[in-house]
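There are two complexes below, and they share subunit A, which is joined by subunit B in the first and by subunit C in the second.
Up next is the complex of A and B:
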């Protein structure tokens, strides 16, 4: 992937497929590190699935026997000297508290660190694709923070206006643009 | 987040409009957004369709949506156009510029852009 934001778009798709109702994507930056965490309340994965998930020839999809999403993200993290991990609890074994947490840690100063790229576009694409999910995206760097929470937006809109209306998506986009302006320029 | 008051204004403005939209959508544009599609550049293609359809005021008859892997990864980004009573049209190796052409010619005026279809690219 040319941008980390494309990995984010791809990996968040796994939470959608797992039937999650709430997906949190959190980026925490320091001067040296870039930590990316996906936390969902989807159906979770079995122990065997978690063990095999970084194997490119292990996939749940039926169109072909290759699954490159997770291996791509793992490679992107490890090539910077970072790390990658997945923890999961299945709905069957943990009916009260199930889901998957995927963590990728990057060394920002490595020459092999993939730039984040157009993360705003990734967030709006995810919301448009699955407007029924509560998406919570947070990006922090020290005191600075960018945040969007579709549960809050939906509370204002009520039932009358869908979250994936063009006007709402445009609002989310400009909201994120404004926040990123002060995030990067102050 | 930006001021939620602005969002309230959008809500008030849209209340009537939304009702009109429901139940329409004679044409469905579907963009493949699995790992293969995303890596090949599907995100800007999807956004070009979403923006184009709204700017050209086609949103009453055209809906744009995302799907997983269509199974022809070597042709990604792949876009399928479904229209009632017509055969499915599959556009391959798409980008934002080609999307703009498809909106203008196919979605607006009903003329399939043959040169971007899978038939012309095999």
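Up next is the complex of A and C:
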């Protein structure tokens, strides 16, 4: 994909499908590396599923027998000289503490590093699509940080205000834009 | 024209060809797989330098006639085996994508 933000949208969709109630998307940058971690509390995957998840012909979808979200993210990371891994615990085997953690490490200085792109649209699209999930998005680079936590927003607004209402999404969008403005310009 | 006819005309080296009678009706050049997936047309010869297993999935989804790995690029055994089992034709060209595409254009 031309932008990592599109990969993020795709991979986070897996957490939604896994029935997660809380999804954390964390980007940790240094001068050399870009670390992208997805952590959810969804139904998890079996050992066999984890082993096969980077195979494009292995998918949970029933409409066609090819799934490319994970293979594309793995490729994007590895073509920068980075790495990719997935850990998962199923709800059946670990009823108290289940979910999936997907980690992609990129070498930022590689010529084949895909730019992050419009991550604000990705985050607002995810919130709009599944307003009931607790989304926590954090992007740090040294001391600088951008963060949005829909559980916090929900606690302030109360249960009567749906997070996918136009005003809330616009507020989240402008809040992220402001944070990113100082993130990149100072 | 068929895949085996094109391969013979262009001196393409076969990696695997489970579907030699498939019709070639056009060509597409691209290396960003997600981009190719949405743009290559059914029946295209897809010219690329990418060689990981994901190309087999993209070719299967886009229903391209064959993959031509340009500039002598090769694939690993697992990719070749998967392509064979999924009915995806793969060939190698020693020439770059542009020269290969020009020759295809003359045959179409």
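The working rule: the second predicted complex is superposed on the first by the 186 of 186 C-alpha atoms of A that agree within 3 Å, B and C clash if a C-alpha of one lies under 4 Å from a C-alpha of the other, contacts with A are read in each partner's own complex, and residues count from 1 in each chain.
Following the convention adopted for this analysis, a contact is a pair of C-beta atoms (placed from the backbone, for glycine too) under 8 Å apart; a residue touches a chain by one contact, two chains touch by 3 or more.
Treat the numbers as computed from the prediction; the structure is a model and nothing was measured.
Enquirer: Following the overlay on subunit A, give me a clash-or-fit verdict for subunit B and subunit C.
Expert: fit
Enquirer: In the combined three-chain arrangement, what's the angle at subunit A toward subunit B and subunit C (CA centres, steps of 10°)?
Expert: 80
Enquirer: So in the superposed three-chain picture, is A:1 touching just subunit B, just subunit C, both, or none of them (first/second/both/neither)?
Expert: Both subunit B and subunit C are touched by A:1.
Enquirer: Going by the contact rule set out at the top, does A:174 touch subunit B (first), subunit C (second), both, or neither?
Expert: In the superposition, A:174 contacts subunit B only.
Enquirer: Report for A:56: first if it touches subunit B alone, second if subunit C alone, otherwise both or neither.
Expert: The second partner, subunit C, only.
Enquirer: Between subunit B (first) and subunit C (second), which does A:95 come into contact with in this model arrangement: first, second, both, or neither?
Expert: Neither partner.
Enquirer: Once chain A of both complexes is superposed, is A:75 in touch with subunit B (first), subunit C (second), both, or neither?
Expert: second
Enquirer: More residues of subunit A in touch with subunit C or with subunit B?
Expert: B
Enquirer: Looking at the overlay, what does A:158 touch: subunit B (first), subunit C (second), both, or neither?
Expert: A:158: touches subunit B, not subunit C.
Enquirer: Minimum C-alpha distance between subunit B and subunit C after superposition, to be given in whole Å.
Expert: Once the two complexes are overlaid, subunit B and subunit C approach no closer than 6 Å between C-alpha atoms.
Enquirer: Common interface residues of subunit A with subunit B and subunit C?
Expert: 1, 6, 64, 68, 72
Enquirer: If you look only at subunit A, which of its residues touch subunit C in the complex?
Expert: Going through subunit A, the ones touching subunit C are 1-2, 6, 55-57, 64, 66, 68, 71-72, 75.
Enquirer: Which residues of subunit B touch subunit A in the complex?
Expert: Per the stated touch rule, the residues are 1-2, 4, 6-8, 10-11, 13-15, 18, 33-36, 38-39, 43-44, 46-47, 50, 54, 59, 65-66, 68-71, 73.
Enquirer: Using the touch definition from the top, list the residues of subunit C that touch subunit A in their complex.
Expert: Residues 32-35, 37, 52-54, 56-58, 60-61, 82, 86.
Enquirer: Can you list the subunit A residues touching subunit B in their complex?
Expert: Counting only subunit A, the residues touching subunit B are 1, 6, 9-10, 13, 17, 61, 63-64, 67-69, 72, 118, 121-122, 124-125, 128-129, 147-149, 152-153, 156-158, 160-162, 165-169, 171, 174-175, 178-179.
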